[in-house]
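Labels run A, B, C and D following the written order; every chain starts at residue 1.
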Amino acid sequence: MDLNPDPKTSLRRLELPAKRAERFLSIRQVTSALAAPLSTEDCAIQSMPDASPVKWHLAHTTWFFETFVLVPHQPGYRPLEPSYRVLFNSYYYAVGDRHPRPERGMLSRPGLEQVRAYRDHVDQAMLEFLSGERALPAVDALIELGLHHEQQHQELILTDIKHLLSRNPLKPAYQEQWPLTAIHACARRWISCAAGLREIGYSGPDFCFDNETPRHRVWLDAFRIASHPVTHGDFMEFIDDGGYRRPELWLSAGWEAAMARGWQAPAYWESRDGRWYSFTLHGEAPVDPHTPICHVSFYEADAFARWANARLPTESEWEVAARSSPLAGNFLESSALHPLALREASANGTPAQAFGDVWEWTRSDYGPYPGFQCTSGAVGEYNGKFMSGQYVLRGGSCATPCSHIRASYRNFFPPDARWQFSGLRLARDGE
Amino acid sequence: MDLNPDPKTSLRRLELPAKRAERFLSIRQVTSALAAPLSTEDCAIQSMPDASPVKWHLAHTTWFFETFVLVPHQPGYRPLEPSYRVLFNSYYYAVGDRHPRPERGMLSRPGLEQVRAYRDHVDQAMLEFLSGERALPAVDALIELGLHHEQQHQELILTDIKHLLSRNPLKPAYQEQWPLTAIHACARRWISCAAGLREIGYSGPDFCFDNETPRHRVWLDAFRIASHPVTHGDFMEFIDDGGYRRPELWLSAGWEAAMARGWQAPAYWESRDGRWYSFTLHGEAPVDPHTPICHVSFYEADAFARWANARLPTESEWEVAARSSPLAGNFLESSALHPLALREASANGTPAQAFGDVWEWTRSDYGPYPGFQCTSGAVGEYNGKFMSGQYVLRGGSCATPCSHIRASYRNFFPPDARWQFSGLRLARDGE
Amino acid sequence: MDLNPDPKTSLRRLELPAKRAERFLSIRQVTSALAAPLSTEDCAIQSMPDASPVKWHLAHTTWFFETFVLVPHQPGYRPLEPSYRVLFNSYYYAVGDRHPRPERGMLSRPGLEQVRAYRDHVDQAMLEFLSGERALPAVDALIELGLHHEQQHQELILTDIKHLLSRNPLKPAYQEQWPLTAIHACARRWISCAAGLREIGYSGPDFCFDNETPRHRVWLDAFRIASHPVTHGDFMEFIDDGGYRRPELWLSAGWEAAMARGWQAPAYWESRDGRWYSFTLHGEAPVDPHTPICHVSFYEADAFARWANARLPTESEWEVAARSSPLAGNFLESSALHPLALREASANGTPAQAFGDVWEWTRSDYGPYPGFQCTSGAVGEYNGKFMSGQYVLRGGSCATPCSHIRASYRNFFPPDARWQFSGLRLARDGE
Amino acid sequence: MDLNPDPKTSLRRLELPAKRAERFLSIRQVTSALAAPLSTEDCAIQSMPDASPVKWHLAHTTWFFETFVLVPHQPGYRPLEPSYRVLFNSYYYAVGDRHPRPERGMLSRPGLEQVRAYRDHVDQAMLEFLSGERALPAVDALIELGLHHEQQHQELILTDIKHLLSRNPLKPAYQEQWPLTAIHACARRWISCAAGLREIGYSGPDFCFDNETPRHRVWLDAFRIASHPVTHGDFMEFIDDGGYRRPELWLSAGWEAAMARGWQAPAYWESRDGRWYSFTLHGEAPVDPHTPICHVSFYEADAFARWANARLPTESEWEVAARSSPLAGNFLESSALHPLALREASANGTPAQAFGDVWEWTRSDYGPYPGFQCTSGAVGEYNGKFMSGQYVLRGGSCATPCSHIRASYRNFFPPDARWQFSGLRLARDGE
């Protein structure tokens, strides 16, 4: 699998048609490359209602371009198979009927080969469309949205297949080779941020999701944020100190979730002979204490922070603190597919590893920014309607494409979700 | 039932022992008065896991004083019955074992008479304690907390018994007489609030819950808030316009809840011969269009606001707008036990009926204020551990004791809860 | 509580009106006597969907006479309260709507006093009816059915209140005094029964349920049946031998039920300090090894039998073996309300304690006898429609009224039911 | 697909090694042929907990020979992959751990190709074993059991894949060509059977399952049985007459199942424009009134019989009536894979279509015959432990291999199962 990002494919606002096509294909090919190591059966099975079959991801991302770009904007375009309009609609009511999410794994047909043919069909039509003259700015925006949408599903392909493979007693690896990293001593420090009226949210000229807008003012009291994320080693201390047995450390709903599901450790962990192992995309491996913790829920992150006499940062605090860090890190393109050991920040006084490695839970619920307006039309269902009952994560993970992330990027999951590469960074009040 | 508030019982910071005892008894007696119209069986049954038997409320509020005041601070105090320590613990892990919440309705023993004897026993001991000299400020604070806790359960007694009675096909009334109100024309207006850096939260000398602190700065963009709450009549228009059949109006989680539970109207509504009826504490009655809507979930409130081309206010906006309104309204003491028709505000340019009638959903999730610290000790479990997955409601309802409410008061419930007197008031961006 | 059966009230086919009234009242009064030790709350609460509130039993047995006797056959009879027709209908579709079974515990109204008044109202009308001349044989049969129905609910009152009280951590006793029994050595023996064509089922002149008819021929191979029921002591051996941990002893569905519900012992058992205690109608007590085992499901009875290298008898075998035993034993009237220690049979070569003490599970599913016809009309729903998914129990228990039982009597419960006084007796193939 | 049975492969008790090997391979090849039309994904997915992936059936039938024949009896045999011992164990506790049934669909690995290699590996070893001298009678019996086991899974492959394909909105066909049958007028008659002492069960020299033994005496009262099974046309009359809306026709548990699952028609039926369609292995087709009804549960069969003023036969009645019919019919080998229209019986006075077309529900619960003993060892778990909560079906279906069925054959399923080719034949009391 070669996921190295092509330096030529970074986003430009005023692209020539040839550049646009190249960038389109480049992102589409990453998706196919991610599915390449998988068997036909790996791609077909849905391991839980939250996850989707890889085959479905391959088809749904294609459906997006067909439904929102080709059908309305490319005269003469003929869908390869009309029934796909319903089969591969995720949640857009405005588009019409949808195949129910927990039933995605029931679709043995169309098979993987047919889905690949579907991708080819739509890619071909998109290349023709992109080479034409008629693209309007609104359509450009839809294509851009479709490419970012595709990147989100690239990450989900990895987290969903990880979940599926983990349920197999044979514990198969997605990718055999294991990333080697030098481990340096790396002291954690608090970084201070002064109180003041700040702005957060996106307002630049490039792509962003509607939920990152409008850029708006927030008052922040003085706070400190940790220089590094919490590690697996830190979390083992929490476990050893009875973290999963002490209700006073937990939110009430978190404690109930932990009891009901029998949580004793992060997802994918297993204890054998007094040692912790975890299932990774490289198969099962001993838990490495030097790497950022991942596969913890918001509830576990919150309980850990309380145990550590700290708290989670708000998303405003996170954005203000992290936006001065360079947008570099352990992303999908490194092919590590697992968080790597702590490293020093490249710039002085900025948080290290804020981008890549693991998504970082914030204490902010996922709601609308002041003045938020949904995009109009069916794509307005993209973000706005999910603004309840979820918490914001920031910074991207080892499964996120590098060109996909921004300091203002808001990811969101329910507080009990654990199958993403989700970790945390501590914060404290005052200077 | 005589719930008229005694003018002498309003809170004073420096009370004489006699005053303190009088106030203590006065609030305790309201609880007993609320249970007086009920039969022994009415008081014993739990109608859903969210609700508790009235008998349990009578005992648990008593347990609070016994556990947090008498046992630790009154030398020589002997609990009436040691087993009550577990039976009537609601959710305090620090106090030890708890009888599970959904099992509260399984306790036929102790019977209502024994629970009344328990109340008398503890009241007697509290009066002795209050007449003594030894009270410390910390204990005073616990007693004050206990009294506000008792008032919260007064409201729950009413909402829980309403739910139980509603499940009986005989549709019995809690209270026969029906409040009469004159209905005046009452135009709804938008009240403008300018942008600026504001402060919210409580910082005065009187009692408040820990979740209202610390008072802190927030930046508010300009907004408008409605002069009156949304009415039953407004909501019927929403229903007639297909409000419960149009997913585009709803949050995704709200739509799923509405589908899964078959919501077609607010809780307690029933349609017969093309007309809406609702179950009230006075029995079943035609829905009155002139009164504030109640028994809607956060999801329904949010969908209504979207339909009305508006939104819910944030809790900061609500507090800033409403705190200039006088703290008066249709509270528990009016004995109406139902929202009353729209009335003009007593002060010009302030929101009308912000206090009393119905709790108003805000769009703010219930989280910690910047710098929030839980109260230490077991009573620290009072509020902080519930700070996830719930939304803030403001202003009190027709079932709230008048002396219990403040502009900074934060009530909170999950977004699908409907059995409280919960309604809404609209807001919009900009001036 | 005085439940001694009046010797004058045994069933006579040709009763004088005065006798009929006396017998009617006598049975009705037993029901009231059973409820007498209970508090109002004890009578109101439903502890699980399978059980009903005592208040409901009091009302439903009354409803039976009102609905099937008074309304159709007593001119001028006025129901006390028309809504009771729906509220207290158990499962008769032909009678119209029914209040759902799991909701019976939601009815705080009518209260216990009103239900007692309902009983008095119907008893009064029935006495008038019984003193009249106009009774037809068909109506006599309905009254007889109603009285046997009432006796079935007498047993259920005891088993249902036992379940409710057991869920209370205070472990209250229904009846304080504990039955004393002398314990004699009592050797268990096998009783042989030769092969042959036999007849089972009822065909005499007295009352029986429709499910006991028609009397019909069955071929029985030679078998042996135990002289005594299995005891608590026997069952402790089974437990000590890993009975609840060895799937090979269990039916597949039984093992799944045991795993899913965490069965480690019969219902109501609790282990403390290496000793077994069980909850009884006299409160909690150490398990007495000399008494017949009770509160085991069909699955546990079947597993025990397999462990003992035996099997459950079929219902034909049981009836053929037990019908020569005298119809005497530890019934409701003894007020023991718990199985008593093993005793010798009164007649030589007959099974001991076949009647009373505990219901005995058979391996026969509850199905229609060859040629079975339901009673016509609404009372035809009494038995026939339950003929799937249940197993037959024979012989009555310590909670069964003595005049209620017969050798041909077929009780039936689902294979996982444990809250009845259900035990077992072993059988083996061959002579 | 060529499923024609090889005339040389019928069972002989004293087979030469070459014959035995030929017969072994012949049956194994039918299994592979049944999977041949399916895609890799079709073979991987589990559509409900009751059904298994085709891939699992292919592996589990192979596991049976490996576990019970090769490992214990073939010195030097090396399992292809030790982990399969757990992965493909269905329910044999004596063999050790099992992969949980509802998780069978989670196994993307081993893939279909690996499972085919597993089949080849075991077939090769079995052929060597069969060509050897050392086979003992006990091992012969295990091989015979393994072949009948394989045939049972052949039927399940068809019913399970039918269920999976039916859940796909594209409604794909398993096999395109549709069986044509001439439809002749065919009057249904009652066939009378006199009362008497009969014998049922198997006692011959050939293979049978343990649950068909011992042959034993039963008394049968006189009865009549229908000359033909109930047809789709008959069932449409039942539906038109409100069969699914009249609780008085149903067993209580059946009515609850019908309500809870919203049954309005047999499984796989769909109504469009006032006409019934059903999903078949040939895709969707209009319901053909001339063919035996299938995909009804025991509850529906029982309700239909009551509506028709008849009843289901007992399994004894069925066996006595049908055993004089020739063992011929519409079996798997006809490749119709669907019941065919009514035909006259080949022998006078015998039931027509008793064998093949559809399994026929009886009113007999699936229990042990008098004197029944499980086979000893792990294969004793084959039948005995399922003897509760299920009903007996007789006669085989269009998905049953012809050489698999006998008059004494007892199939069994829970009363709510509908995904088998299950229908019914009526019976009545008396001559």
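One rule holds for everything that comes next: a contact is a pair of C-beta atoms (placed from the backbone, for glycine too) under 8 Å apart; a residue touches a chain by one contact, two chains touch by 3 or more.
This structure is a prediction, so every number in the text was calculated from the model and none was measured.
Q: Which chains sit in contact with both members of the pair chain B and chain C?
A: none
Q: Just curious, how far off is chain D from chain B if you go by their C-alpha centres, in Å?
A: 60
Q: Just curious, how far off is chain B from chain A if you go by their C-alpha centres, in Å?
A: Chain centroid spacing, chain A to chain B, equals 39 Å.
Q: Mind checking the centre-to-centre distance between chain A and chain D? Centres are C-alpha means, answer in whole Å.
A: 47
Q: Considering chain B alone, which of its residues make contact with at least two other chains?
A: Residues of chain B never touch two or more of the other chains.
Q: So, with touch as defined above, which chain pairs make the list?
A: Chain pairs that touch: A-B, A-D, B-C, C-D.
Q: For chain D, which residues count as touching chain A in their complex?
A: Where chain D meets chain A, its residues are 39-42, 44-45, 47, 55, 83, 86-87, 99, 103, 105-112, 164-165, 167-170, 172.
Q: What residues of chain D sit close enough to touch chain C in their complex?
A: Per the stated touch rule, the residues are 91, 93-94, 197, 216-221, 247-248, 250-255, 298-299, 302, 311, 314, 363-365, 367-368, 370-371, 381, 385-389, 415, 429.
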